[in-house]
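This is the structure I have questions about; it appears just below.
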């Protein structure tokens, strides 16, 4: 899993059937570098995260388990948590994060 | 999953049997860096994407589920959506994307 | 698996059900570069690691096996070992690590 | 999957039983950067690729499926296609590739 | 799979039960860059590799298959081959490797 910030959303009318009705968020990894240089990930969202929120993204089977069912879906990244609070001492990139900001 | 742009296609006459009749697209990740420096991915395409289109690529079992069947195929990357529209505010690399461009 | 240092913890009230009651640690990979530039990972923790400890993080099914049960959980990274001791000759980044430091 | 160029082969007398009799090729990802800086991958080869050929490499279960059988082998990267031809317009790194060169 | 050089070993007294009695080697990927800058991997070792040896590391289920049994272990990286010999023409980083050096 990684920590990411929701930066947007995409829509696709031609898509795998399993993606019907699922939000596809664009999420940027949070790290120690200056922003905007990290390849974003597209994650299915069962939790209703908003742009700007800090989230935990899981990959693979975990992402499918997060949606319930038998785990056989045509996606492999999902938002499994929306971070309210964190404690990451001495890492500037986390300082000041207060949830939803 | 990641956001990519279809940049081409490859053909192989010697290949794993499961790849027979499947298009193999070359897809470059979309990110904040200047183009052309990112290692491309080869993805099987069940949706009929064209060069220049923005797509969502899924990996692993998800890629195989996108083709239906029992999920046991000799590939692990597939196009699961062709992006028509997106909303990724304040990220230049996305601005101006209108689908198929 | 990779070697990481626990740098913090995050909390999420909206989350996948499987994450209830599990600690979510933020872990930075240990490597030869100057710190703070590596994208951190979020790992579920069944062992009770503290901030500053050196840990071994496993991904995928292995992470779920570390928690016992049937392996179908909505996470794919977990702490599977807390390093007490190591012998990594001629690599400065490891020198001086004595456990828990 | 990714596009790679076969750059060599390795042999191991002490190895997991499943690797007996399988060729282990060293493959470098093809990308837009100057060569020689990308970490190579070791892939099992059921197709008989030669040094210098452009190949499609698959990971995980897909790699094991490419060898047939029940998919439980001690490797997770295999050559699933040998590229004869490609069309990747406006990408210098692909121009001039004619198969086997 | 990737080519790596064994650079050390770590020990953990608090660990997932499946890791009991397994050696945990620290392995650095072999590539075209100057050494010491690549994030090392921790791999379980069923073959008895020594520091300085060149090895093939496999991930995921493959790593667990290498240890036999039912494949449900709390690790996902293992040494599946110890390289005796290789032929990787025109790549300086491989030249001169004679096994165990």
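All chains are identified by letter, namely A, B, C, D and E, in their written order; residue positions are counted from 1 within each chain.
We adopt the following convention: a contact is a pair of C-beta atoms (placed from the backbone, for glycine too) under 8 Å apart; a residue touches a chain by one contact, two chains touch by 3 or more.
Treat the numbers as computed from the prediction; the structure is a model and nothing was measured.
Counting only chains that touch, the fewest steps needed to get from chain B to chain D is 1. For this pair, chain D with chain E, the centres built from the Cα atoms lie 19 Å apart. Distance from the chain B centre to the chain C centre is 31 Å, each centre being the mean of its Cα atoms. Each of the following residues of chain D touches two or more other chains: 38, 60-61. Under the stated contact rule, the graph of chain-to-chain touches is a ring, a single cycle where every chain has exactly two partners. Here the chains link up into one ring; start at chain A, go to chain C, and the full order comes out as A, C, E, D, B. Residues 1-3, 29-33, 38, 46-48, 54, 56, 58-63, 65-66, 71, 78, 80-91, 94 of chain D touch chain B in their complex. For chain E in complex with chain C, the touching residues are 7-16, 18-19, 24, 26, 36-44, 51, 60-61, 64, 72-77.
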